[in-house]
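Quick one: the structure is below, questions incoming.
Think of it as A, B, C and D in the order they're written, each chain with its own count starting at 1.
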Amino acid sequence: MDILFLSDNTAPADHRIVQAVAEAGIGYAKSYGSDKWTDEADELFKREFGEHTLYFPVLTGTGANVISLASALSTYQSILCAETAHIACDECGAVERFTGSKLVPIKTPDGKLTPEMLKPCLAHIGFEHQSQPKVVSISQTTETGAAYSTEELKALSDFTKENNLILHIDGSRIANAAAGMSLSLNQVCEGADIVSFGGTKNGLMMGEAVLFLNPKLAESAKYVRKQYGQLFSKMRYVSAQFIPYLRESIWLENAHRANTVAGRLAEGFTDKGITIKYPVDGNAVFAHLSDEQIKRLSEKYLFYVWDKTENLCRFVCPYTADESDTERLLALL
Amino acid sequence: MDILFLSDNTAPADHRIVQAVAEAGIGYAKSYGSDKWTDEADELFKREFGEHTLYFPVLTGTGANVISLASALSTYQSILCAETAHIACDECGAVERFTGSKLVPIKTPDGKLTPEMLKPCLAHIGFEHQSQPKVVSISQTTETGAAYSTEELKALSDFTKENNLILHIDGSRIANAAAGMSLSLNQVCEGADIVSFGGTKNGLMMGEAVLFLNPKLAESAKYVRKQYGQLFSKMRYVSAQFIPYLRESIWLENAHRANTVAGRLAEGFTDKGITIKYPVDGNAVFAHLSDEQIKRLSEKYLFYVWDKTENLCRFVCPYTADESDTERLLALL
Amino acid sequence: MDILFLSDNTAPADHRIVQAVAEAGIGYAKSYGSDKWTDEADELFKREFGEHTLYFPVLTGTGANVISLASALSTYQSILCAETAHIACDECGAVERFTGSKLVPIKTPDGKLTPEMLKPCLAHIGFEHQSQPKVVSISQTTETGAAYSTEELKALSDFTKENNLILHIDGSRIANAAAGMSLSLNQVCEGADIVSFGGTKNGLMMGEAVLFLNPKLAESAKYVRKQYGQLFSKMRYVSAQFIPYLRESIWLENAHRANTVAGRLAEGFTDKGITIKYPVDGNAVFAHLSDEQIKRLSEKYLFYVWDKTENLCRFVCPYTADESDTERLLALL
Amino acid sequence: MDILFLSDNTAPADHRIVQAVAEAGIGYAKSYGSDKWTDEADELFKREFGEHTLYFPVLTGTGANVISLASALSTYQSILCAETAHIACDECGAVERFTGSKLVPIKTPDGKLTPEMLKPCLAHIGFEHQSQPKVVSISQTTETGAAYSTEELKALSDFTKENNLILHIDGSRIANAAAGMSLSLNQVCEGADIVSFGGTKNGLMMGEAVLFLNPKLAESAKYVRKQYGQLFSKMRYVSAQFIPYLRESIWLENAHRANTVAGRLAEGFTDKGITIKYPVDGNAVFAHLSDEQIKRLSEKYLFYVWDKTENLCRFVCPYTADESDTERLLALL
């Protein structure tokens, strides 16, 4: 069975990343991040996101999200997010268990939050019977493959600032958002306070980072990272991956390739009369297939039937895919 | 400054491990552990520890310990451990925060627990004003470099079984214990229910495992691992390391080398009239230096003054050290 | 301002309850529940709910709910409840913080859950990326004033049993449900595993109880109650209230009075052309008032405008109200 | 069996307190503390402890302690306390479970902490591998019946201020400390930031309070109290007790009586050649009895053998005891 379109976690690490990992293994280095690779990665993130940026390398996406959120709020405060958000649906309650906080899932048409949706959640500020909203967490790109435009981001950022809230971005596919809109990484995070910066889905071996764009929020971050088991002893092996990833724009190259393939797949679906449900801003395509089409594809491919009630299927393109992969799948329909 | 003896986390990964990592990066593989490398590592752990063994790869030592403990107990139960235990002293309260449970630190002469020390802790079973003891957690080797003999282990294992307790081993240096006593990995864990099986300190790049020798305790483990952010998407990169580590006995070779150097260092200290505080059963040496000796060594080396009140200094030998490293240090004294 | 209809927490304790409290203050008594009042209350609860029933007196409604839920589940499991449930909306995230578990709020037309609504939540049993559903928590009567009929309860109870789930009832107004349907307390809890049995809203001074109708679930309850700060030292003062409350059917008398007044209020509203949104099965009335009506009532009364977007107003009748109270309010419209 | 000396929780509420409770039950009152009794109690606490004082009534001693501590610290911070502290030994891990923080138990000769004992705990400030000390929690009187003098308190208070720590007093027997040293309630709390102000052991029915003497620490307190299930709906019934307790100095009268009896008991023991282990500053006496004496007393009395290895027995005098009670017990020896 072909697992190519099942998830962007199925691809191996980029060969340039593997080489960087191998080269980081020379000589002794202080553990837990006091090493030259971590310093250099920090420098590169500052170049990308501004001098105020603080870089905390971690190992997994759940790690990046939980540490971001646990650093940002107290246990009596809540997190507002789309009801489709990865932190709400796919982390086995990790956020609730580690932070003790409440997640408030908000219904959205397409996985994107707007100030209008958030306003009603602020009705009970100061009322001790209800968790106090503190963080707005959005995904860029969203779990449905859409991206927040700079205008949409600005509206959210203005809203959170006005209401003394913190804006967190789950950026497990942040590179796909930037590549898709031809913007810089910083531009697709503009106005955010904390970013879970993803790498593993886009060519890294194991590497994510918590970026504090608002450094005042980082006071407890180093302790929280340790408590959550993500203070990696041989940290150089994570930081070494971010160096070529940022310096040589591997992030852009890989994300661009994945997005292009996704775009081609969506086109191919459309050509065959298949409806695409959400904007294809990154590397994911959500298509309404017929029972017959699902059956036919399922003989050769593994993929998620996202919502059985509407035959909505998800196809995610890894950075390693190319157009021949698309054509092969489309040919089956 | 030379950091050779500062910690066994300063050494790079073994070149054979790096090669295994590189070779794991071929083609697509299902994520989150449904891959052939994880199957093979599981097979090898079963060969080493018995068919009943369940293998849960994780990323960090804190991860292995917290997941072991959180799987084993309910939040009203407590963990008995030496007051010098890593879980009590060096994980920033990770255990308490994630499990909600109480750690009960017990005073010991040398970091090793005995049934006699544990007995008084069971005085209030069933009394709702006190956390209920459930797990005994020991370190093999201990944080002071000593190892539990098979007799000592048996005594603890009998005690825990008789009292309906769970025996957990923090085995971040389990290979050093086995190499030091010329025993198998299984023998130095005999009678334990759960083992945090360490690899990173002995040549792996990033790799630890939670081993359930008592598989009945693993019921919640997969959820707990996910909640604690250690369900790594590209799990093959961890499992691939354990394959040569176990199959080619890299664990033994590396641990033996580190232990040998530690033994030579202890001898050299003794020859110079320096007292060694704890048995050197693994790769750590705790020596009482004079102020003058500390000063002289500190000009060239970083090392921990473990207890300032008694000038007790810790030297840990990485698997990469050799006798010339020892001679160089001893020559300074 | 008249606060009569603001909440059923505004009324004082029933004079017979106050007398029972006063009489409990004679002589010494063992603390923490080892007293004759607690034994007698336990006996009365067993008479009401069956011999298997276990009675754990607590102090607050939040206490009863959190202890019920924390006893019933592990931290990787989730709680399914109506999105209007008190545990989801009005306990400041107490459940998430203390249990570490996820609450899954489910949209309902009227605050009542059905098996059909619950089924989709079981789609991912065994999938470690998602919290595992374990408890279904319903409110009897609901926060909207409706009650589950015995048929509705049976359907839920069958469903939870078939799916290895636990059925919890938040019974802060359980007496109103029983009185409203002319059923016994046991009948309106039929099939539940754990009941938060309320008293304070219906004439007690401070008294709730966690009732385990499924005693196997009570294994950790006494520890959990202590950990949650609800093991009251002078427990006799709580248990003493339940004795006349159950023996003399004060619960029924008071609930019946409150329900009757609520029914009369609903009738009065209807007579004036005001729409009642939810069935008035207990002591709460939810009515759609006009802006003008809200304004007029607000001059004399405090009450909750439950949903501003539809001018939905809540009136809760305390057990002390009588028909003259209703007439006085209605006269204003 | 006589339980008089078993615990100060065995006595009933003071009759004047019962009367106050009964009188609070007149008419409707807003719930959750927005009532005139709570306002008046607040006023009285301000008179006693200063205008800056913030009063949060709660229901149990565990409640007061957990809410105090959870308000004062973040989950990566730790609490330093005597290893005999009630929060460490007798609350079933409530603090760890609810706050997620680490308790650091410190060995003391008599249950009292000093700056010298605390200093070594500050060795690793800023080091992310260790929980960061934030709160020093002491008991006044201690669990061994001793009281901190104003000098001892000042030394601790100076130390905590210098080191950016918070001083918390577990004052479940604060009245006994004040009565024993002929000081005001404020004087025996001088320099503390937060006080768990006890009442239940000294004549209240159910009533404790969290007092913030440093009001800046109270920011999250109202939410934390709700989350911990101690926001009592009919709060007037707690506050009404504190009014006569403070206004009519019932606290002093009752504590004085209990202390006097304890003093007489200690004298009686000494007269019979029995050694008293700790200073009898309050209402508890710890005496080394012989096996024979323990046996003889045990025929008529229930009491705690605190430490079996040294035949150390605890006798606590409730506020209701008088000298005839003492003579009766002494006569048995």
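The working rule: contacts are C-beta pairs under 8 Å (C-beta built on N, C-alpha and C of every residue); 3 or more make two chains touch, one makes a residue touch a chain.
Just so we're clear, the structure is a prediction, and the values are computed from it rather than from any experiment.
Engineer: Count the touching C-beta pairs: is B-D or A-D ahead?
Structural biologist: Pair with the higher count of C-beta contacts: B-D.
Engineer: Name the chain whose C-alpha centroid is most distant from the C-alpha centroid of chain B.
Structural biologist: So the farthest one, by centre of C-alpha atoms, is C.
Engineer: Roughly how far is chain A from chain D, going centre to centre by Cα mean, in whole Å?
Structural biologist: About 49 Å, centre to centre.
Engineer: What whole-number Å value describes the gap between the mean CA coordinates of chain B and chain D?
Structural biologist: 41
Engineer: Chain D: which residues touch two or more other chains?
Structural biologist: In chain D, 32, 75-76, 91-93, 97-98, 100, 128-129, 131, 223, 226-227, 231 touch at least two other chains.
Engineer: Applying the document's contact rule, which stretches of chain A touch chain C when the two form their complex?
Structural biologist: Against chain C, the touching part of chain A is residues 75-76, 78, 89-93, 96-98, 100-103, 105, 128-131.
Engineer: Which positions of chain A touch chain D when the two form their complex?
Structural biologist: 32, 70, 74-76, 100, 128-129, 131-132, 220, 222-227, 231
Engineer: What residues on chain B touch chain A, complex-wise?
Structural biologist: 3-4, 6-7, 9-13, 15, 18, 21-22, 24-32, 59-63, 66, 91-94, 97-98, 200-201, 205-206, 223, 226-234, 237, 318, 320
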